[in-house]
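Both complexes below contain subunit A, partnered by subunit B and then by subunit C.
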Partner chain A sequence: MSTGSIQARAEGWLGNNDVRLLVALALAIGGLYALFSVVLGFQLNGTVNTLRRVAFLSAIYAMLALALNLQWGYAGLFNLGAAGFMAIGVYTMGILTAPVTASPPGFGLPLPVAIVGAILMTGVIGGLAALPAIRLRADYLAIVTVAFSEIVRLTLRAPEFANTRIAGVAFGTGGATGLSLPSNPIRILFYTDPAATAPAPNALGAAIFSAVEPLGIEQTLVIGWAYVVVLCLCLGLLYWLMIRIGKSPFGRVLKSIREDQQVTQALGKDTRLFKIKTFALGCALMGLIAILWRLSGGYASPRMFKPIQTFYIFIALFIGGTGSPTGSIVGGALFASLLFEGPSFIRRVVAEYLQLSNAPDTLVGALAQLGTLDVTPLLAYSVQDVSISALRLMLLGIVLVYLMQRHPDGLLGHRKAIASSVDLSQQATQEDDNE
Partner chain B sequence: MAARDYYSRGQNLVYNRPVLVIFAVIGVFLVFDILRQVGTGTIVITDLMSYLWNGLVLGMSLGLAGVGLSMTYSILNFANFAHGDLITSGAFAGWATAFLIAGLGEFSVESLILIGGPIAVGSNELGINVVNTPLALLAGLLVAAVLTAALSLLLDRIVFKPMRSADGVTLMIASVGVALFLRNFLTYSFLTDSRGLTGGNVPQFTIAGVTFGGHQITLVVVAALLMLGTHILLQYTKIGTAMRAMAANKDLAKVTGIPTERVVKLTWIIGGGLTGCAGFLIALQQGTLTVTMGWDLLLLVFAAVILGGVGSIYGAMVGGVILGIASRLALVWIPASFLLVAAFVIMIVMLLVRPSGLFSGRTTA
Partner chain C sequence: MSKNVQSARSDQTQKGQQEQILKVENLRKTFGGITAVADVSFHVQKGSITGLIGPNGAGKSTTFDLITGVQRPDGGEVEFNDTEITGYRSDQVANQGLVRTFQIARELSEMTVLENLMLAPQNQAGEAVWRAVLPRARTRVVEQEKELREQAWEMLELFEIEHVAHESAGNLSGGQRKLLEMARVLMTDPEMVLLDEPLAGVNPTLEEKLIDRLHTLKEQGYTFLFVEHDMDVIMNNCDTVIVMHQGSVLTEGQPDAVKNNDKVLDAYLGEEVKI
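Up next, the complex of A and B:
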């Protein structure tokens, strides 16, 4: 098998150094998008913006997958309610920072205080939710957590809490219309007064803006990329934290719970307490990451926290393989760049290359013209907004089924962080070789 | 002695199951509060009767939709997240048929098969309802049952059969993938518009201030008949006995010589058929159809099944009715935007207090 040996050699070169693997992956994805854009002659500003979007989503989904991996990959807690905890984080931050005079009013606290408050809130609610829930079987836990996330979403959407007053304190979730969030904090690097409507750039801002101006790159794009750099730093920090947790005594207990809870209990560990702590920590991280996600958009609405959001993270996690932090990042990046953003990019390519006539109104109309061996009506139908997003989600469904059938541990599942400090399986095969 | 006996049993209950006792006390308090509010006239008795009737209608929908889910849950041992989208698939298949039969000759086949959507078919001009076009509806119900059963078999063959030995969580995640695929296949084919289904004058009866809609009555009656049929099938036929044996102990059933794969196929056929009927009837009662109908119902159906006890089809029926009535009665205390929240809270409480459900230990199929 020549492909096998190429794969083996590639793995030999990349596999023994995780950082090298991640950098190679980032370059490969970025290169792929850049290559297509250059070949197709897209504008530089648009190309750089596409790359920014892909990098932004990759970093966010990699971080979310890392947080979920802590719960599922390390402790074996199947949390299908990630979207609910993300919503709690974002909304707590939004309500704490909203000015007292705004509609709906908030508490007017500075952003860093609000972020700390939101992390605490998500962690505490996660811990309280875990208290009864961790006794449940994995499938019941999944149903309970998905119901919990729907309760959170429906409560945030309810008109009763959109603009309310409880115990004399006025605040609100904004209901179905959503909640305004503070503007992107990274702007402070580039502007003297970031809150103004047409802010004047400071020294750094002026220097960078004038340097990229001739290339046709807009100011918002520079800010966007600066934000992506910050996100990548956060991702690095989280990755380091996960590796540290995995190697710490705490992490080893978690992995032993995943392998065999009864043995862990027999060794005198309070597995219940470990699970609750892990669940709370994972939820707090999800709240924080969701804040990082929404701060760039400056706006949150209950629609963003449907269960499909949780499924996205799970797909990312399963692509990379459960139980391995490197796998989570690879999964997040592959999910965001190929599955999440890929179809809309392909759609732009199709629209650019084929001068598509007006799309037929219905699938029947599109299929009827297949009789004359003309596929363009079907293509035109398929690249409409609704159809392309449906096709994308159909693809996600197929990927999920395929992964569960062929690679239930994920593409990098064989790298699962082992529970013991020495890899016993490897040692056993080495002994076999010696014989 | 007897009093002493009750006392010690009560004491045991308080010590061993404090959560259960707390919820029981809350439940009794709520019942008394309803009686008090009716007594003081805070709620009108006709409103209360309306809540009960609408709750029964919702409950029968959930019960019928839940039987199939409960059957696959107990025989294949996984929570099928694709069940909601099987409901939707049944509704679309059935209603395309009903539209085709009711409107052939008057409207283009294209617009009828797509159930209106981008090309408007005035559902009012078509005038489908129980009195005007009973045959179209009957045909729709049959096609919904047959096509959903066929779809279930196909999905089992492609997705679930190759992973028979996989654990419940893996199967559950695969079913999430199936759900995504099915729902978005429907979106791709039919687009997202919410479409009106029924038209003309739907008969309704008003007795003592409570309105009983013609389609509500149809749903309750047909659902009750289908459940009765399922009961007879499971209780008095060889297939039913084999299914119950498999739900109780798969290995033992296999050793006894029960062809387990054939039973699994039959489970999908019967469960899928009932699910398709449920989708068609729920759409009939709502009068509108969207691609997210089944997905939006899924958690409620899970709640009904869990309330009744996973694996028990009678549990699914009873659980559905209790949940339907309880969530509508909740309107006495809470605003309508928290209706679903109330149902989910009931489910979570049930899972925490008594995860085996009301009909625990009686895995009848």
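Up next, the complex of A and C:
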């Protein structure tokens, strides 16, 4: 009940102002990680870098959750192949931009052309992948798409396609070793020749670098933050797009397909077309977001696109609540900051203050000490570097079980946005609103 | 909506009552070993209220499903307004101006009553995703949405459910759901409506109101074919009654003639009937 009153008070203060809610959330997460950094004794550079990493992952997962929300939240299309479509986006871009002389060779196209090509490719393949399953129930679409994403990943990893020649055109995926991607395009803002190994800063770069250098902040961090700003702009654009779609007649049809496809059809809507369009659009967006993600690292590998990636996005969406764009952002940010990044920070804090040097090698060793009511070995075992991904999965499981029991709608899933481009409470056409 | 109604009305006055809007010929459907619809043929006159009756399991709902494309017939033909629509998908059938309601009211429960109504109209500009989103193209969408909003409110008033306009459809009472479903099919601007037990679970006062609406709409040129179990309702309100039994049409005619038909009585009393 105390949680209830806190929730009520928080909701009263934040009202229904979604922007205020998102800003408050960003500040809270930022504050938490600033605190972590202080506790761990980071320098300014380390603190700013921690914040950058959390902001980066939060923005990426928020965008991915938004794209998945279009398919699952709006139209009820259960796409378990998100990772596969992300891989298609990234690899298409990578192959299109790779120089003809490189190994594996590519097509040597400029980055913007390659990104457009990759979006189209992901959209078309998404539409085709939806075709056989579009007349079936949601569970069949899930089976088809999860199998599809594994086929994509295994194909990209297969040595046969690592460096191949089809119809006289040489290209390759790089197989299990992966594929080099172009360097982060944001560097153009700061360097005269961003492709060089030790590039000279341009006027803007020189001014900013010299300003932050006395604070001990490195150039790569400035570039990293600039990229995060770009990602946040993209996130804002996507958020706006999703709200527009949700409030349009198109979104209304999607909503009714999710409710009852047969009724929607009986009202004269060609539900197959709506489903294929929505699926293709969502997949194209996932491809684009994955490109934005991987461009910052300059490298793609099939390991990045395992099915667990898809489940991460679903968990983010479930936390925030399906059907609500604001919820998708909240879920994406909370997932990335607390569940994905959180465990390793907790480990470091625990390790810093509890002197857990002698961790047992096996779980049996850790549990054996419990007989004497000594929990330290178990704690030490759990927070070892190698156990972190397991700890993360356990945490995800607990959160999911809690959510399913207590908040099946997610945090903001109870919010019902009205699917209309005009305010429906007005009966006649007077001066307008909602534009 | 009003434009089609006008044209339907003028057609009716020019050609009299004789025009057949729906022709069903030798319709068949089997599920495994069961023949749900054996050999159904009937015609529905434009601008009429036609009743479709028969004991449980006579094949009435399956016939509806076959006409409206929810299921594909194994044989036979359906013609609507002189267009053959056999085997059309249900959205194509609806786009021809022939829409249906379902036996158990299937409101879109998470959507509000108004959203339910706004969904129904055909060919909305904003159903194309680019028009729904791009700033300039969207002005047309907003214009149309305003028109639809006005129509939707008029429809709510006609069915006297404007007080629940913003309620989730799932929260409505059984009777209100029936009203909503009827209002929603009318929003598609149909020429003919198939109503599958529109009065089931509706209280007598509301029932009277609904029947009143049917007659008003009939005057405006709409055609209705409806399944109903209440014989009084059928006999007092229908122009023609079609009786189905064991997947076939037993008889068809004026209510009085049907009422006194021995075969009909036998069918309802569970006797063997030779068709």
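Operating definition for what follows: the second predicted complex is superposed on the first by the 396 of 435 C-alpha atoms of A that agree within 3 Å, B and C clash if a C-alpha of one lies under 4 Å from a C-alpha of the other, contacts with A are read in each partner's own complex, and residues count from 1 in each chain.
Following the convention adopted for this analysis, a contact is a pair of C-beta atoms (placed from the backbone, for glycine too) under 8 Å apart; a residue touches a chain by one contact, two chains touch by 3 or more.
What you are looking at is a predicted structure, and each value in this text was computed from that prediction instead of being measured.
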Subunit B versus subunit C as contact partner of A:Gly365, first or second or both or neither: first
Partner chain in contact with A:Lys269 - subunit B first, subunit C second, else both or neither: second
Partner chain(s) touched by A:Leu393 [first = subunit B, second = subunit C, both, neither]: first
First (subunit B), second (subunit C), both or neither touched by A:Pro159: first
Partner chain(s) touched by A:Val146 [first = subunit B, second = subunit C, both, neither]: first
Shared subunit A surface residues [contacts with subunit B and with subunit C]: none
Subunit A partner contacts - residues on subunit B that touch it in the complex: 78-79, 110, 113-114, 117-119, 159, 162-163, 166, 168-174, 176-185, 187-192, 299, 302-303, 306, 335, 337-338, 340-341, 344-345, 347-348, 351-352, 355
Subunit A-facing residues of subunit C, complex: 68, 70, 89-92, 94-95, 99-100, 102, 106, 108-112, 114-115, 118-120, 122, 124-129, 132-133, 138, 141-142, 145-147, 149-150, 152-153, 165-166, 168, 184-185, 188
Sites on subunit A touched by subunit B in the complex: 78, 132-133, 135-140, 142-144, 146-148, 150-151, 154-155, 157-160, 308, 311, 314, 318, 361-365, 382, 386-387, 389-391, 393-394, 396-401, 404-405, 408
Subunit C-facing residues of subunit A, complex: 241, 244-245, 248-253, 255-256, 258-260, 262-271, 274, 277, 281, 416, 418-422, 424-429, 432, 435
